[in-house]
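Before I ask anything, let me first share the structure, which is written out below as structure tokens.
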Amino acid sequence: MEKQFEDFRHQLDESGSVRERIRSVVMEMEAAARLVHSSLLLVHQSLPVLEVLEKTKLQIEVIKGLFGRLAEILRERPDQYYRYHGDWRSETQTVVSLLAFLHWLETGSLLMHTEAEKKLGLDSSEFGLDIEDYLIGLCFMSNELPRYVVNQVTAGDYDCPRKVLKFLTDLHAAFRMLNLRNDFLRKKFDGMKYDLRRVEEVYYDVKIRGLASTESTQDETAQA
Amino acid sequence: MEKQFEDFRHQLDESGSVRERIRSVVMEMEAAARLVHSSLLLVHQSLPVLEVLEKTKLQIEVIKGLFGRLAEILRERPDQYYRYHGDWRSETQTVVSLLAFLHWLETGSLLMHTEAEKKLGLDSSEFGLDIEDYLIGLCFMSNELPRYVVNQVTAGDYDCPRKVLKFLTDLHAAFRMLNLRNDFLRKKFDGMKYDLRRVEEVYYDVKIRGLASTESTQDETAQA
Amino acid sequence: MEKQFEDFRHQLDESGSVRERIRSVVMEMEAAARLVHSSLLLVHQSLPVLEVLEKTKLQIEVIKGLFGRLAEILRERPDQYYRYHGDWRSETQTVVSLLAFLHWLETGSLLMHTEAEKKLGLDSSEFGLDIEDYLIGLCFMSNELPRYVVNQVTAGDYDCPRKVLKFLTDLHAAFRMLNLRNDFLRKKFDGMKYDLRRVEEVYYDVKIRGLASTESTQDETAQA
Amino acid sequence: MEKQFEDFRHQLDESGSVRERIRSVVMEMEAAARLVHSSLLLVHQSLPVLEVLEKTKLQIEVIKGLFGRLAEILRERPDQYYRYHGDWRSETQTVVSLLAFLHWLETGSLLMHTEAEKKLGLDSSEFGLDIEDYLIGLCFMSNELPRYVVNQVTAGDYDCPRKVLKFLTDLHAAFRMLNLRNDFLRKKFDGMKYDLRRVEEVYYDVKIRGLASTESTQDETAQA
């Protein structure tokens, strides 16, 4: 019996040490993500997008390096990704939400899963980005959009609601293709419709007051 | 005593197996309803109604087939419809709300209870559509209307609020004829008045800005 | 639309009136069950069992009559037993627990499901005693036994723990044959083990202090 | 975007189907474990150990077969053991607690981790028995011991407390070698000391009343 528990002690200690190492990386990741978030918040104050992107670059490189360290820790335990997954997923979701928002600001399109992995230096065959984490990250990004739209309209950008609405509608429709289990992702997705409605209402306010630019209105009519 | 519990075990196992079979059908129904909902959401983006109807046809046939399977499971247990009713009612309510919305888009009128049963291939004498489920489904449909009105006005259809308001006012009045118990249906119906108010507000916005077309205004005055 | 809601009104009113009639019967049943319970409590004060049984007879006849009225209300709605089942099940469970306790006091054995139906004048083919209600009633009875044992020992009946323990152990083992769903019955059954442990402890106390009569000890040894 | 979500749908559906298959195996496992438990409960009524072991044999083979099915489901997903681990771990812990109790009854010694794996037909290199599940199972077994001791003393086996106390003391000491994180296992282990105290109390009762046999007392003194 003693021999067995001696073995267990080594194994539990080893797995405890893995957790400690992961925890230390994750704490740095949380700090870096917080800095990215701070910079990103400046878009609400209408700082030019390019400046915001510039400000976040460095920290995103830091985060990429941290994912590299996570991958390294897990490298000797190739089948234990999901054993420790719970220890880094929350921060990963936050990082995805930030990257996806930045990407949308830059390109107007959705950050794809493979693009997210590339930005984070991840390799699916080894240490990938879990699909559910990616999807939850997109839901978190969606939560930021109503506020962004409100602030942009306040700052005089009357075309913003139309663009965000188009993006969010497409994203929402894409999510609806999935058969989600009754879990955390499902709950987060259910919240996305409130973001959508809020953006619709802002767009409605802009239209009803004749503030949407003629050009974009024609644009939209053409699309419809 | 052992004999009795042995019997109970068989009976509980049998009823457990009925529930499992129902559950499996209901999960498919949920997935099909989600696809119908996805297509239906396109009306908010001003997709022509005929295209939306076309897109939902197939899935509605799937749902009809699933109700056929439920009816089959219950066929050997003719007096146990209400024993298992709780296991499919939530999905049934969702399905009714979708059908009623589609029907309103197509005809401008309310989907009647018998019409809903017919669309779902149900036969009241055997496996019918519970009245309360039908009514709750209508309440759920009502919840979708304010958003629809907002998006239609945004897209330039200024006559939509008047039409929806007329429909919703009639529906609300019809519900008021019922003596509802203090239960889930009552709670859902109580929520309908908020939908009504929101639609009234949109209608007000449109009128006050002189956006409602003269014709439709006269139309409405004539009807009033 | 109006015609349909007019019909619904009649149907909802009718089902509301069924519920009212059931409710009125159930209130009387609750009162009668309370009187039975009051009389039954006297066994904790060591009133002779025969006297207790005598005191409860009348009210049990009242309860039987009330079940007759329930059956009558449901007679014209043969397939709707489970539609209204929730309206009387809690009281039915209480009644079963009382009858089962009285029966055990009288005979030392478990009140079988068919015996319970007979005592309540129920006919399975028409208006029966739901198995889960019967089983939950037995769990409620089990909850009363630890207190009964403690009071009997206090009153000097040192053989009572052994008898109750035997009964409860058999009952618990019988329940364990069932594959219970994760529901109310399961939760109630899970609580039965605490009753069992408490009775075991009382029995242990009696044995350890040499209070159990020699005869019953031999008896038990013989049984083992 | 649609292509990506189409891919996700397939992946989520596939993982949902894996979960469904696991769930179905786990439900059977729960039922089989319940039957083993029912038989095992008979030791509390002093049924000879050999008879109890005989009664459980068949169901343990069933459980072994079910673990084989789990292993098969996971075989094509070699690195995803921990992804789905949460879906079967609770039942695995129960099974370990039952096996460990049976083993102790049979041999008086602790069921080792490798022995448990062998009994369940598990192969560490493929689908093993997680160490924490094994340890939690031992804690659950420990919870059963105070009740067992109480019932054995009641039935006249006054040497039982000494034997159980020795076993539990050793087990508790072995656990204390481990550096447990502040998690479920730690909480369960913390509960073990209450089992230990209760067994100590029973042993004390037996000794103070001079019920422990002289021989075993010497025995114990010699060991101490």
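List of remarks:
Order as written gives the chain letters A, B, C and D; numbering starts at 1 within each chain.
By our rule, a contact is a pair of C-beta atoms (placed from the backbone, for glycine too) under 8 Å apart; a residue touches a chain by one contact, two chains touch by 3 or more.
Note that this is a predicted model, so its numbers are computed, not measured.
When the partners of chain B are compared with those of chain C, no chain appears in both lists. To fit its Cα atoms onto chain B, chain A must turn through 80 degrees, a value rounded to the nearest 5. Of all residue numbers used where chain C meets chain D, under half belong to both copies. The two sides are thus made of different residues.
Rounded to a whole number, the gap between the C-alpha centres of chain C and chain D is 34 angstrom. For the pair chain A and chain C, the distance between mean C-alpha positions equals 56 Å. Each chain gets one centre point, the mean of its Cα atoms, and the points for chain A and chain D are 42 Å apart. For chain D, the set of residues touching two or more other chains is empty.
Checking each pair of chains for touch leaves A-B, A-D, B-C, C-D. The residues of chain B lying in touch with chain C in their complex are 1-2, 4-6, 8-9, 11-13, 16, 19, 78-83, 85, 109-110, 112-113, 131, 135, 170-171, 174-175, 177-181.
Interface of chain D with chain C (complex): residues 30-31, 34-35, 37-38, 41-42, 44-47, 147, 150-151, 153-156, 202, 205-206, 209, 211. By the touch rule above, chain A contacts chain B in their complex via residues 169, 172-173, 176-177, 179, 197, 200-201, 203-204, 207-208, 220-221, 224.
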